[in-house]
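Chains: A, B, C, D and E, in written order; residue numbering restarts at 1 for each.
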Amino acid sequence: MLNATNANGTLLEVNNIEVIYNHVILVLKGVSLSVPKGGVTALLGGNGAGKTTTLKAISNLLKSERGEVTKGSIVYRGDRVQDLSPADLVRRGVVQVMEGRHCFEHLTVEENLLTGAYIRRDSKADIRRDLDMVYTYFPRLKERRKSQAGYTSGGEQQMTAIGRALMSRPETILLDEPSMGLAPQLVEQIFEIVKNVNEGEGVTFLLAEQNTNVALRYAHYGYILESGRVVMDGSARDLRENPDVKEFYLGMSDKGRNSFRDVRSYRRRKRWLA
Amino acid sequence: MPDTVYYALEVTLNGLMSGVMYALVALGFVLIFKASGIFNYAQGVLALFAALTLVGIMDGQVPFAHLINALFGTSLHHFGFKVPALIAILITAGVMTLLAVLVERYVLKHLVNQEPIILFMATIGLAYFLEGLGDAMWGSDIKTLDIGLPKGIDETIESVTNDWFGYGFFIDRLDIVATVIAALLVLALTVFSQYSKQGRALRAVADDHQAALSVGISLRFIWALVWSIAGVVALVAGIMWGSKSGVQFSLSLIALKALPVLMLGGFTSIPGAIVGGLIIGMGEKLFEFFVGPLVGGATENWFAYVLALVFLVFRPQGLFGERIIERV
Amino acid sequence: MNAQTPLTTFTTTADGRKIGDILMEMKNITLRFGGVKAVTDISFDIREGEIRSIIGPNGAGKSSMLNVISGFYVPQEGEVWFRGARRPAIKPYKVARQGIARTFQNIALFDGMSVLDNIMTGRLTLMKTGLLRQALWWGAAEREETAHREKVEKIIDFLEIQAIRKTSVGRLPYGLKKRVELARALAAEPKLLLLDEPMAGMNVEEKEDMCRFILDVNDEFGTTIVLIEHDMGVVMDLSDRVVVMDYGKKIGDGTPDEVRNSQAVIDAYLGVSHE
Amino acid sequence: MLYREAGDFKTTYVADSQTFPIKFDRIRYYIVVAIAFGVIPFVIDDYWANAVFVPFLIYAIAAIGLNILTGYCGQVSLGTGGFMAVGAYACYKLMTAMPDVPIIVHVLLAGLITAFVGVLFGLPSLRIKGFYLAVATLAAQFFLVWLFNKVPWFFNYSASGQITAPERSLFGIAVTGASTPAWAKYLFCLIILFTLAWLARNLTRGSVGRRWMAIRDMDIAAEIIGVNPLTAKLSAFAVSSFYIGIAGALFFTVYLGAVEVGEAFGIQKSFLVLFMVIIGGLGSIFGSFAGAAFLVLLPVLLKNVLVGRLGWPTDLAANLELIIVGGLIIIFLIVEPHGLNQLWRVAKEKLRLWPFPH
Amino acid sequence: DLIVPNLSYRTGPYAPGGIPYADGFNDYFTLLNERDGGIGGEKIQVPECETAYNTEKGVECYEATKGQGALVYNPLSTGITYQLIPKVSADGIPLYTPGYGRTSAANGKVFEWVFNYPANYWDGASVAIRYLLDQNGGDLKGKKIALVYHNSAYGKEPIRTLTELSKKHGYDLLQIPVDHPGQEQKSQWLQIRREKPDYVLMWGWGVMNAVAIQEAANINYPMENFIGVWWSGSENDVLPAGMGANGYKSLAMHGTGMDYPLYGDLKKYVIDAGKASGAGDQFGSVLYSRGMYAALVISEAIRKAQQITGKSNITAADLRDGFEQLEITEARMTELGLPKFGQPFKASCSDHGGPGAALLQQWDASAKKWNLITDFIAPDDEVLTPLIMEDSAAYAAENKIAERCK
């Protein structure tokens, strides 16, 4: 699964974009990346590095946060997509799963999933089938399907958000921190789903992830962002072997995994203040 | 004294009918709130604007005549033809739809994902704007609106009840028409919002603009759609109220009668608007009937709100409103 | 932050685990929402000075348990004992005043305020100046404000968030928000600190930082900590004892090693034995 | 780099938490205060006082009051008109019952009485939230207006229910009644506003203010970290109503001189003050000033330009005025949803970087 | 030039009443300027200022026009009047409020600067009762009379008088308030339907009038027993109800219709010359004529003042003397082109209220016009004078005003 050979051409290309929030806060300072069709591309980086911002720039959700792409271009299948509305982009097959869940609180879990199929024109039966598919992925959702999403647990909301994106049968999914708040075995499961959907249906993934360990096991290619710039990129295997990545992102030292108890012995540089 | 019972019954019936009239206005609020979480302050002005436009078209008035005359020294007033009511209503509905599209395009589009109070404020700006525009377009003198709706006491009911009880009940025929129309509207809108894909999308948008965008719901379409429907509902309300009192500025103040209804029924419930209307209408009339004389009358305005308040203390989201989700 | 002297001492076992008096005890707690049973008949205790973790699959009822402790949910059945006495169903703000502070799974910072103000809200339980004196400001109010500000600055230094002191929290990235939330909880100088997934959405490096803070708080001030976390590495390394929940029931309770090797826990949660 | 804060280091927490931490702001503030107290009173005439400054100052007081409740504590209220009426009628009763007590005492007492009434009507806020609360506060609005209209005791049994402010003076100078000099009205209101603004600033920067803001931003979380929602909300209602009551008292005694409750303190007033608060910026004292200025001055300005300068018919001018005010509100919101105050702040941030884009 | 500001309202809830009044007011002065070259050679300037029936805007308008040298104010709003009374008294500018404002201002001993002749609210109430007495052979005992009133200072004005009169004539008074704006009056009219009062009087303004007449028609209340004050008797009020309004009566301070020579002049010099105020479509309506009549009285007072002082460019203080010594005879009215239009009256230092007589008019819905049905009926001064004295004395005491005209 680590071979990037099934990358038959670039689907999405981000060229040197710059993003400013509120007209004054410069967040991305020239980010470029390309997402191959049918690949799983990971976007890594610490808190505030700009992963979410990059994804939102692509899905055009920035505008609703008073953010703006001021330079550079975003090209999807050869078309500039910066000026499309998010809905148009979804219709073209790009769906984003937003960070922090963003379920429709007052809708039930099932209604949430069904809104995912909003743009679909196919039959009720097809939609029903996909709904069942989501329920088989996440049995927990099936149990809670009649509850208002606002009253479900954090993890259940996360599953709902992912399930909802799957329901729109997209060509490309932008996943923002899918593993956040999920129990370990579910994290694995989510990435298995990513893998299945990717390999089985050829869906392309761009995922921002903090859990570098898992992300690099499932992704083909990775970019590492730091304070709004791409500082490193390479195939997942290369990244995993890189000593810096090992130390800072995987928590491994030469002696194997560091214990969280021992971290007190040294202080790191404070990168988030950069 | 059985007379009091009959009176009270008559008051109750008429209260229910008034409630329907309030509900007609409240419906517009509900639609927009449900679809975007916007508390649309401009709803009353929308009703006024619709009614003004309708009358203006029916009379063949030249829009902005006064302005044009002032600028160019002309003396335009009327085109000199009259437009039949039905056609005028259709044209007005078209105007309201156009207005909805413009509102979406020049106001709402730029305010995606803002807090409710900001959106509320924007509708206030809109209310000011439309109030000025409506007056500038059609003039602020009083206009008679007559599209041939029946008015006045329904004599059949009066004589039948007179035969039965020895006391003839008063029911206004206009109210009967309003009730039928309101029932149809509520039915249609409930079906629309409960059983259609768009209906679900509406509720999704109200919950979270961004998430709705992210699943491909076009806020622009939804908003234009809902505002058009709300505009048409405003037209209906404008017609019913305008037939009674003529069309002029005060028509926009009927919104104030709709607010307690809204609060009681729940901001998000279409059936709530009608049930709320019935309770408020009946409650305020009965209170005025029994208690009003003791305290000097004119209690309706505040009592409607107090009644709604009492309900809210027990159900903070109104009778049928969506539960307010409180979690950490 | 002032060095608070721990109220009770605890003994440290050979392997570095702490055993103190019982600070809080949950007795047969059952919590239902309509038909949903979030918590079913759960009992466990929390000892002074320890780090007590709660783990379990999504929807197991961990956060609900925390909400019971902080008084936000009132269980239908069961009792909460705190410092040797049964705690009646009291309002959450009274619970907070008894020295229980917490962070939230879905960050609950006050978005309209700066980082500094957010952390200062943590000290509200300790600030006593009345409305009138506050209005006049000079004198008592100003002195109190300065005194508390000093303490808060220490926490800011401790958590290394000096640079964002005056930014409004709404704009912060997720990870920093979690840190500010921790700061706010610490500002209350709590006896018992409840942390609901404090490390979600962080990378390893940032998690290490958080672990350091948690351990420091625990060591230096003797603060008792209840921790919910899905990262098994963190849980196993930090905790003194672990409660495992599944579908609202308790399926395990013990030291990390005991829990790690319990078959029930492996089946329900860990999947494979974790390392 | 027109505007800078660099080089402005604070060595004490007191200096750091002062109202205008940046020297540039501080100087500008001193200049404004100097002009307000030292220049305007000497040049003001009846028109400027009665049509511009006095209403502006009084609305600013009301706006600060409502901002405390809505902007700081997050409780949207549409009862402002009713509470202003309480202030006005309380002041009227006090003035006529105790003619020899200085007027300032009446005004303050009127504020206190309003604070009490405000707390009463604030009680539902413990259950009811958001727009539901906003609409619920209309109950207060309509009930209070009805009460003052209905019960003759409140208007001393006058034939029509109007109340007229008798002449009262302070230090021998009339401050209410028709023969009050323009400067006296102005200064009286200015001093009260200045003091109240200063008190409000103190309240909002310390623990009381943080309690309110915590409730506003997330009431449940606030309660869990130890804020008692009952006292926080009710204290906000009390303080807010105190301010609004004073504004009402001044509105009646100093500004209009005679009022009819339904007309002067009707629902429109509630909306107007709320608009001021939102346009100015929720949760900002400066915003209250800006919002009051915007909604008091802009219409006067527009009227003078459209009718006075351009000679338009008054009705068209009035319509156009509505269109322009409405349009501007929308434009401002689109440019900056968080009000004039935020607009100002962003402008400063830009100036700080100027001439570089970022 | 002489400056007579027109504080009008052409927007807001009461615009339908404000527009024709303001048009009539303006047009009369335009006529004087166009036809006669002004008054005594002085052109009259009528700067208009929009109040929207709102007191605060009223203040702004007052202050703005005061500076231009305004001679007299006529704000057509009871609220603004109350608020201006102390101000004009301090500034020394006459306030002319025909048929509205503060009734007790009729007492010139206390209200030096305020004039409200030829008739005020209390006169109106009394005239209405006199008319009913007349209809009932001089006896109203046991009759039930309902008063439907705008729940504001304006609407409450007649209550005092009607209560006094009920003691004298033995009728029952039923008070029925309607809140602003009066869009919804179902309760009130159900109550009337139930109580079956013999007569209904109405003190309404704005949309309230139209709704009340519609509701009265709805319950089949006999329209000829329904009488409005002169502010409830314009075309605006009856037209929306269509045929239902047929037979409705109202008081009138002055004649109705356009069969007076003056309208010819107005048409010739103002309307046809394209100098009409507003849209020019209000010409001849009831409220138009009222505005015109107010302007006429003011211009007569100006003439009087010019005569007294012997100079054409008079001051506000001169104009007060003009108002105070004004006498308008029937002969003068005929001369002005309005024979039998208004009642003759003569003011004095103490009498600022005039004789207070009024006409009754009735609506003919098929012809869409008002017809006068009585001659001028005088009010019952025996009852009114003490009331006026009492109320003005209270005001004088509260504001420490010493009586004039000794």
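What we mean here is this: a residue touches a chain if its C-beta (ideal position, glycine included) is under 8 Å from a C-beta of that chain, and two chains touch if they have at least 3 such contacts.
Only a predicted model underlies this, so the values are computations on that prediction, with no experimental measurement involved.
Both chain B and chain C are touched by A, D. Common neighbours of chain A and chain E, by the contact definition above: B, D. Distance from the centre of chain D peaks at A, each centre being the average of the chain's Cα atoms.
Seen from the Cα centre of chain C, the chain whose own Cα centre is farthest off is E.
Comparing the chain pairs A-C and A-D, the larger number of C-beta pairs in contact belongs to A-C. Each chain gets a centre from the mean of its Cα atoms; for chain B and chain D, those two points are 32 Å apart.
Centre-to-centre spacing of chain B and chain E amounts to 35 Å, using the average Cα coordinate of each chain. In terms of their C-alpha centroids, the spacing between chain C and chain E amounts to 74 Å. Inter-chain centre distance (chain C to chain D, centres taken as mean C-alpha positions): 41 Å. Counting partner chains per residue, chain B shows two or more touched chains at residues 66, 135, 140, 296, 298, 301, 327-328.
Chain contacts: chain E has residues 10-11, 15, 19, 151, 179 touching two or more partner chains.
Along chain D, residues 149, 218, 220-221, 224, 313, 315, 318-319, 322 each make contact with two or more other chains.
Here the chains touching each other pair up as A-B, A-C, A-D, B-C, B-D, B-E, C-D, D-E. The touching residues of chain A, counted against chain B in their complex, run 59, 61, 63-65, 85-91, 95-98, 102-107, 111-112, 114-116, 118-119, 148, 150-151, 161, 164-165, 168. Residues 327-328 of chain B are the ones touching chain C in the complex. Within the complex formed with chain C, the chain A residues making contact are 21, 25, 44-49, 52, 99-101, 140, 144, 147, 151-156, 158-159, 177, 180-188, 210-213, 248-251, 257-261, 263-264, 268, 270-273.
The touching residues of chain B, counted against chain A in their complex, run 112-113, 197, 200-201, 203-204, 206-221, 268, 322-323, 325, 327.
Of all residues in chain A, those touching chain D in their complex are 20, 22-26.
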